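Some structures to go through are shown next.
Presented sequentially are two complexes of subunit A, the first with subunit B as partner and the second with subunit C.
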Partner chain A sequence: MVANKTNPATEIDSVDPNELKAELVAKYPTKVGRKRAKQIVINRVDECGEVPEMGANARTIPGIITQRGCSYAGCKGVVLGPTRDIINLTHGPIGCGFYSWLTRRNQTRPDGPEDANFMTYCFSTDLQDEDIVFGGEKKLRQAIRELYENFKPKAIGIFSTCPVGLIGDDVHAVAREMKEELGINIFGFSCEGYKGVSQSAGHHIANNGLFNHVVGLDNTPKEGKFKINLLGEYNIGGDAFEIERILEEAGITLVTTFSGNSTYDKFANSHMADLNTVMCHRSINYVAEMMEKKYGIPWIKVNFIGAASTAKTLRKIANYFEDEELIERVEKTIAEEMVEVEKVRLEVKSRCEGKTAMLFVGGSRAHHYQDLFAEIGMKTVAAGYEFAHRDDYEGRTVLPNIKVDADSRNIEELHVEPDPERYSPRKSEEALERLKAKGFRFKDYDGMMPEMESGTLIVDDISQYESEKLIEKYKPDIFCAGIKEKYAIQKKGVPMKQLHSYDSGGPYAGFKGAINFWREIDRMVNSKVWSYLKAPWQESPELTATYAWE
Partner chain B sequence: MATMDYVSTTNACKLCKPLGACLAFRGIEGAVPMLHGSQGCATYMRRYIISHFREPMDIASSSLGEKHAVFGGGPNLKQGLKNLITKFGAGMIGVASTCLTETIGDDVPMIIREFRKEMEAEGGPGLPALVSVSTPSYSGTHMEGFHSAVRAVVDQLCTPDSVGEELAGKFVNLLPGFLSPADLRHLKEIVEDFGLGWVMLPDISETLDGPALEDYEKIPAGGTPISAIKGMGQGAATLEFGHTLEGGPTAGRILFERFGVPLHQSGVPIGLRETDAFFQALEKFSGRATPKKHELERGRLVDSYVDGHKYLFGKRAVVYGEEDLVIGLTAFLAEIGVKPVLCASGGRSGKMSSCIERVTAGLLETVPRVEEGADFQKIEDLCEGLAPDLLVGHSKGYRLSKKLGAPLVRVGFPIHDRFGGQRVLHAGYRGAQMLFDSLVNAILEKTQEESPIGYGYM
Partner chain C sequence: MLLRHTTKEIKERQALAVNPAKTCQPIGAMYAALGIHNCLPHSHGSQGCCAYHRSTLTRHYKEPVMAGSSSFTEGASVFGGQANLLQAIDTIFTVYDPDVIAVHTTCLSETIGDDIPQIAKKAEADGKIPAGKYVIHANTPSYVGTHVTGFATMTKAMVDYFAEANGHKVDQINIIPGYVEPSDMEEIKRIVTELGLRSVMFPDTSNVLNRPQTGRFDMFPKGGTTVEAIRSSGNSRATIALGRLASGPAARALDSKCKVGCEILELPIGLAATDVFVDTLRRIGGVSVPESINTERGRMLDIITDMHQYFYGKKVGLVGDPDQLISLTEFLVSIDMWPVYVVTGTKGKKFEARIKEITRDVPHEVKVAAGGDMFLFHQWIKNEPVDLMMGNTYLKYISRDEDIPLVRFGFPILDRVGHSYFPTVGYRGGMRLLEKILDALLDKKDKDAPEESFELVL
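Now for the complex of A and B:
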């Protein structure tokens, strides 16, 4: 399959999603097929916005090449990885630490040469045979002492890998003991790779740990009139820098991001914010929920991916604070930024309109990035998450109906009470009602499916084989996923954009990010490279034959 | 110099064992590597291998959860194998264990035997070759995983009753170890130029550096054919690279003990002298003189050694990475007049010092400091007072290179901050030539950059 495709619109219309689903499922053994059938769903949005049930957050079938990671990856790699001044110590054999060593392309910006930055480091206890037999706690203690001696960090996080839980090392006890001994904050995460069904379990474990051990430690009031936290933003390719720029422009104070370009002190002070804004609902909603219960900080869902979405998000934040001056400043910022954005958008749209995209990535990106494509007239024909739950697909209204299975039950659900001294509702009941009456929605996420067209195909935890089939049938102009899929997709003649680590690009968030992204997509979907695939003599053999005969 | 001996590892200079096994399995025709453990291992190793080679790399997983960690992973492994066979049409599945399954004590060979029996009872189609290797990552490095997998493949597939492909003419078994696809292509070319046939195990030259395609192949073309592996017992000789492997229980040793195939163990042919030894062996096994083409290549290499000596003479280098690669690179550096001041590896064969002494014999006034089991913290500590002019190794040395202001010449694996890591040529006269040019140019570039004037004629 090569580029130079016919009109994509007719191609998609020619794909019968029901037929395709039947074909996909039929290839599996019966039991496996039945399971996959729940995770391959044809979208149908009814007039009330209801969508079909999605089988999500279920265990991966062995032997299918899945793109999913593990609990350790979600905890250490995703949530804690982007914080620069906490020492992340992997307790286990060397591999896990090595593979999560800066590979997500999180960026950071220390305040100066004195500001600690451990992001380019990889710390491990590098467990050996004898540690597996006799236990690794002694080695862990010694490693913590050494790291303290060498780096004098403010905090150390310990991350357990598979063998740790199996040999019975108590990382939490060691953390308590060493905290006492060294006088710095030390905390452990039981994020062994076999816990939960994907990295999603690790996100939850990380959220719990941060909330228990770091959030709320520093009550210093933060300067600023409109103070927010940004949750579920990891500064891949510099996304956080762009968002920080926009917020500053608009006069909004960012207390901390969880966890792009973040520091330990900012986390400790984060409960002093007056609003939590949530980007990646999947990985961080737990902290938002817990902070609301304990400190009275409301949370709202936002999205800085896409120029229109960024504008919408800024307006939403301004409306929350109900401040005329802020609303005005936000409008001014949007108006200024949109000049360049619109110019590029229209130019790129002229070349990309009508083309199609597929997104199979993350727990929010497969949803958020559809906005960016829509703005340049590209349609998302199929999408799915790697590790999301039903609420990320169908919206939070399904939360009460989600069955809790054994895998999820194994991840601790913290019981949170309002803090006796520090609980303070940021909005009065009256103010909340007033906002709600104006259509303002708190702690709400509609999910991906209600915003996608009926007839599009939604596939959870897509396997290599399924993506190949989808590409064959839909012939999309671009496929978005991660580095694991990248080169296989490209060998099928389809451009592939990494939305985990952005290839070597970014930022793609905010206004400037949108421009970057569109330029990149324009370059990719209109590339001539696929036309070089055949040598001239392969292209028209009759011509070569003629020459030979002559 | 006094440096701390740390218990913790900071910025490791090694990867884990199962990754090496997956790389080796990938070099066999039709093979799919599979990890018995948590699915995160497969995902992490895939993404890491892919970032270096920029090629697809599938690794299946038995995807164990908490329940399986308690009750054993057998049923998952069997289900995974079955899905892989039906879905992927794998010609071989190489199963490597992980820390999880080694810690809980899953007996993989037994589970596979049971699986065979169950499948035979079901009366399904014949099974592909199934090979298993034990690779707990809490001992050794990716290189031990790589060599163990190669040994397991030979041990389990090349048995006295296995019927291999009848290879016409005289052929040698090549066990190159973990080299780049470009290296492997070059080695095959050399052997062919001597009129010899070859079985190279493993052969990632196409499977991890393939062409752009119109239609993606789930399992890439290339790799050592299984029938060729089965016939390795008929080889005229086995050439096995890696000084640290000498005398050890390797794949080559099995072929010698089981079939009497003469085993010729040597260093990785990096640099002039180590490549000379390789060519001498080929002359011996083929009964032919070194072809003119390679004599010329050697001649040009020596010529460039003369031309470039003024730039490199006396420069101090730190070399790090896999043990046998470091040994080969050190041999090369010593012969071009560069002073290796530190040779470090995350591996611990216990043999690096003696090997380095041997390959640099007669070239160095002082034997360089050799550090096994090193991480980059240790390397950094040791660099104090060594004043290196350049670093030779993989991408993970970048931080140190930046700190020291010494250029890094990227070789080996992983290379993820430069383009074309899979095409870096290290082996043979041609590989030495490319390394030599890169080193000279790194020094020239630094000189140029540091000059405030901007001389364009060096």
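Now for the complex of A and C:
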């Protein structure tokens, strides 16, 4: 029984990562093995913090049983999904819209009963074979008219699925035409499932669309002294609510989140913020970059996953604004929140210390959640992302060295210039220098690997086969991945926490989130349910005595 | 309100689907393929299709759902997916070693016109299909049919690829169970065995999607129909197909390919449909029905007679798949409930006609929509509410907004367990459905009753 083993250190230390890698690679056909070898790397952090090159954002090998999804999922499902008052119209056969309907557990809180919320609905053009043969533009136009007639939304986003790109429907032309006809904002996303190599392409496409069609439409100054946007937070299980609570407590004004608990109007006004804070670097760094270029809003990397990380993030935001009052209020917030956090942390730590975790998920979560585990004394023995790029592993310093391959080249890179009227650097050159001299860093994502121990195994786009092998070798106390992996892992007797949508529970962000997460992990790694796997007669099958029947 | 934009006023829609009562063909093909022993379903398209189908089936069953993808990129979409499928076949047989790879197509690979048999032939010529292993396929473009027809097409592919008649009849009956739960498949097999008959059932997802927790993960679990068994179906005495839409094509294919005669029945949900199933087994098998089955039937009937007062005249709204809805509607009518709204996303005039026929004596207008959606269903309810709804988990949003009890039935059920373990087919399944209906109705009655008429004994 692996879940309650007593001495994890010796078991992990007995695994030679080089041998394990060789074993993993050897299972594949030769060419496949060579490709996988680039994505299975043994971490080594040198004195300067340099790490080995990680193979990432490469094509998945057909048939390998990957965790990855598609561009449509990244665009419609992840980035645009959590906004409540934009109607998301899937242009394609019914499946794509159906599967992405309410399955990601994004929460939202409309301001009142009259406030729009379309997140509980699924809208699709439900293309049929005649539409594939004769083209789907006519049906798309009609569907948009019917949407307007029935729902009167402020904005409609059109999401292209695979066949739409192949039959050549021009969703952008239809969007422009219908925008003119109906007088509401309508925009298209060419996020066909075959674009790119994973969800990541869809994130980029979504970022471009939001930046082009929504951000900057409303110049009304937002009240508040310290105004920020939170980027790459999707309010799964209520994470954004907890972060909103903390920011309010600390006296920081949130203009919008991209895109947890968000609205169209908040996006339109988001360029009025004075700082962009980036949670999930992978899915949203493009918007941060483009807003900096066009409007002069600097961005910093933050992390609200983990109590210490949340405190660090708050301090970083306060330091950016260089305001004593804010710094003081932030410290007061942290001090108040940490009382309960520390109590729970120590209690849970006493039961979890020394246990081990593996995280193979997402494009930032496999990194962020290591903090939460570390805070209760649990070690991450192997990790990897599902759809990240090299910079998410090795840090943004590798960006100039990343070769752009054919799959990435197909995703449009917007050319952004400073806005002639609205570009206004939020910090003077002098202020920037002053901050930097104090050790403050902008656009500062160091990636996952520099923060992980040398000798740990990092696997990108892990396959079903590799997951099983890793579990057999390392015998972790908990495994974190997605819903498709969940029950195969649990059948092996290892508890599995789903870290895309959490399956149930949350929030796990911020201070209260940390408490929730630790309680959840405590429940999982210390549960007695894993001790029932063998029936008494399976534990000791030999007969020692028999009853004599009369 | 969760569905705050749903209005009473119904405006005609020609192009827009809102809250669909169906999903696409490939997921049905994947589910069917999981009912072959040692088989890995394979999705020939973008990764997203496979990821979505696996996720949805996983959430419905809380079980591992393994499948491969051809992982199309833009290049494959332009130049064709042959190289991807060849690579997939090689990778899958090398790493996972199934007996069968069951390929289904997607909207992407169908739009570009990939020829799966030709690619499979090439894989064979290249030596990528080991001896005694198979690659089978079903064409399941997502812009045709629904998840139900996808299931039917993959089930028919099992016949096309494997069934053989060698001239020596075997004393067994083929059962094609339809797009039902693993628990239902298990129950159907039990009934057949109870009658003393031997059968081959395919597909069979029992012990695949309701397997026990043992501390061991098997890539290919114990369940599923073996290739050998499917092959032998060509020599069986007869075929009983349950559900015209899901099982009809495979049954007819067996008839024309191997000259095995078939009876296409409605799914054995409820009293009358189960009676027909058992009686057909008796007739074809030349056996008499054992007392144990009579007892089961009698118990089910006992619940109906004992609790009839709570069923009588209750209006029910149903959303689901055609084969299920036909039998369910018949069942509800037979216990004097009024199925007043019946909605499926799968188009079909025969379906509408059959529902009209079953409900002709219901003393209330009955609205039927084949090719309808849950938005329309909700609008009907806004105009005239019902006492009970039966359908998949998505109905819980309507249930909460309108305060109407819901019995979860069909696909997908994402928020409760039970459907994979406890059947709704046969007499025992009927008893479970009756229990669920009564629980829902009586819980509501207990919750809403004024204190003075709140009752201990119901």
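By definition in this document, the second predicted complex is superposed on the first by the 537 of 550 C-alpha atoms of A that agree within 3 Å, B and C clash if a C-alpha of one lies under 4 Å from a C-alpha of the other, contacts with A are read in each partner's own complex, and residues count from 1 in each chain.
Criterion: a contact is a pair of C-beta atoms (placed from the backbone, for glycine too) under 8 Å apart; a residue touches a chain by one contact, two chains touch by 3 or more.
Because the structure is a prediction, the values reported are computed rather than measured.
Undergrad: Based on the shared subunit A superposition, would you classify subunit B and subunit C as clashing or fitting together?
TA: Overlaying the two complexes on subunit A (C-alpha atoms) leaves subunit C and subunit B clashing.
Undergrad: Go through the superposed model and pick first if A:Ile64 touches only subunit B, second if only subunit C, both, or neither.
TA: both
Undergrad: Taking the superposition as given, does A:Tyr423 touch the first partner, subunit B, the second, subunit C, both, or neither?
TA: In the superposed model, A:Tyr423 contacts neither subunit B nor subunit C.
Undergrad: Could you say whether A:Ala116 touches subunit B, subunit C, both of them, or neither, answering first, second, both or neither?
TA: The answer is second: A:Ala116 touches subunit C but not subunit B.
Undergrad: Figure out whether A:Phe442 sits in contact with subunit B (first) or subunit C (second), or with both, or with neither.
TA: neither
Undergrad: Check subunit A for residues that touch subunit B in one structure and subunit C in the other, and list them.
TA: The answer is residues 1, 27-29, 32, 59-73, 92-101, 103, 120-129, 131-132, 139, 142-143, 146-147, 150, 161-163, 165-167, 192-198, 406-407, 410, 464-465, 468, 482-484, 486-493, 533 of subunit A.
Undergrad: Quick check: in the complex, which residue numbers of subunit B touch subunit A?
TA: The contact residues of subunit B facing subunit A are 4, 6-12, 14-19, 34, 37-48, 50-51, 54-69, 76-77, 79-84, 86-88, 98-100, 103-104, 136-139, 141, 210, 212-218, 346, 377, 396, 399.
Undergrad: Across the complex, what residues on subunit C touch subunit A?
TA: Going by the criterion above, the answer is residues 1-5, 7, 11, 13-20, 22-24, 26-27, 42, 45-49, 51-56, 58-59, 62-77, 84-85, 87-92, 94-96, 106-108, 111-112, 141-144, 146, 211, 213-219, 345, 375, 394, 397, 414.
Undergrad: Can you name the residues of subunit A that touch subunit B in the complex?
TA: On the subunit A side, the touching residues are 1-2, 27-29, 32, 59-73, 89, 92-101, 103, 120-129, 131-132, 139, 142-143, 146-147, 150, 161-163, 165-167, 192-199, 406-407, 410, 464-465, 468, 482-484, 486-493, 533.
Undergrad: Spell out the part of subunit A that touches subunit C in their complex, as residue ranges.
TA: 1, 27-29, 32, 59-73, 92-103, 113, 116-118, 120-129, 131-132, 139-143, 146-147, 149-151, 161-163, 165-167, 192-198, 406-407, 410, 463-465, 468, 482-484, 486-493, 533-534
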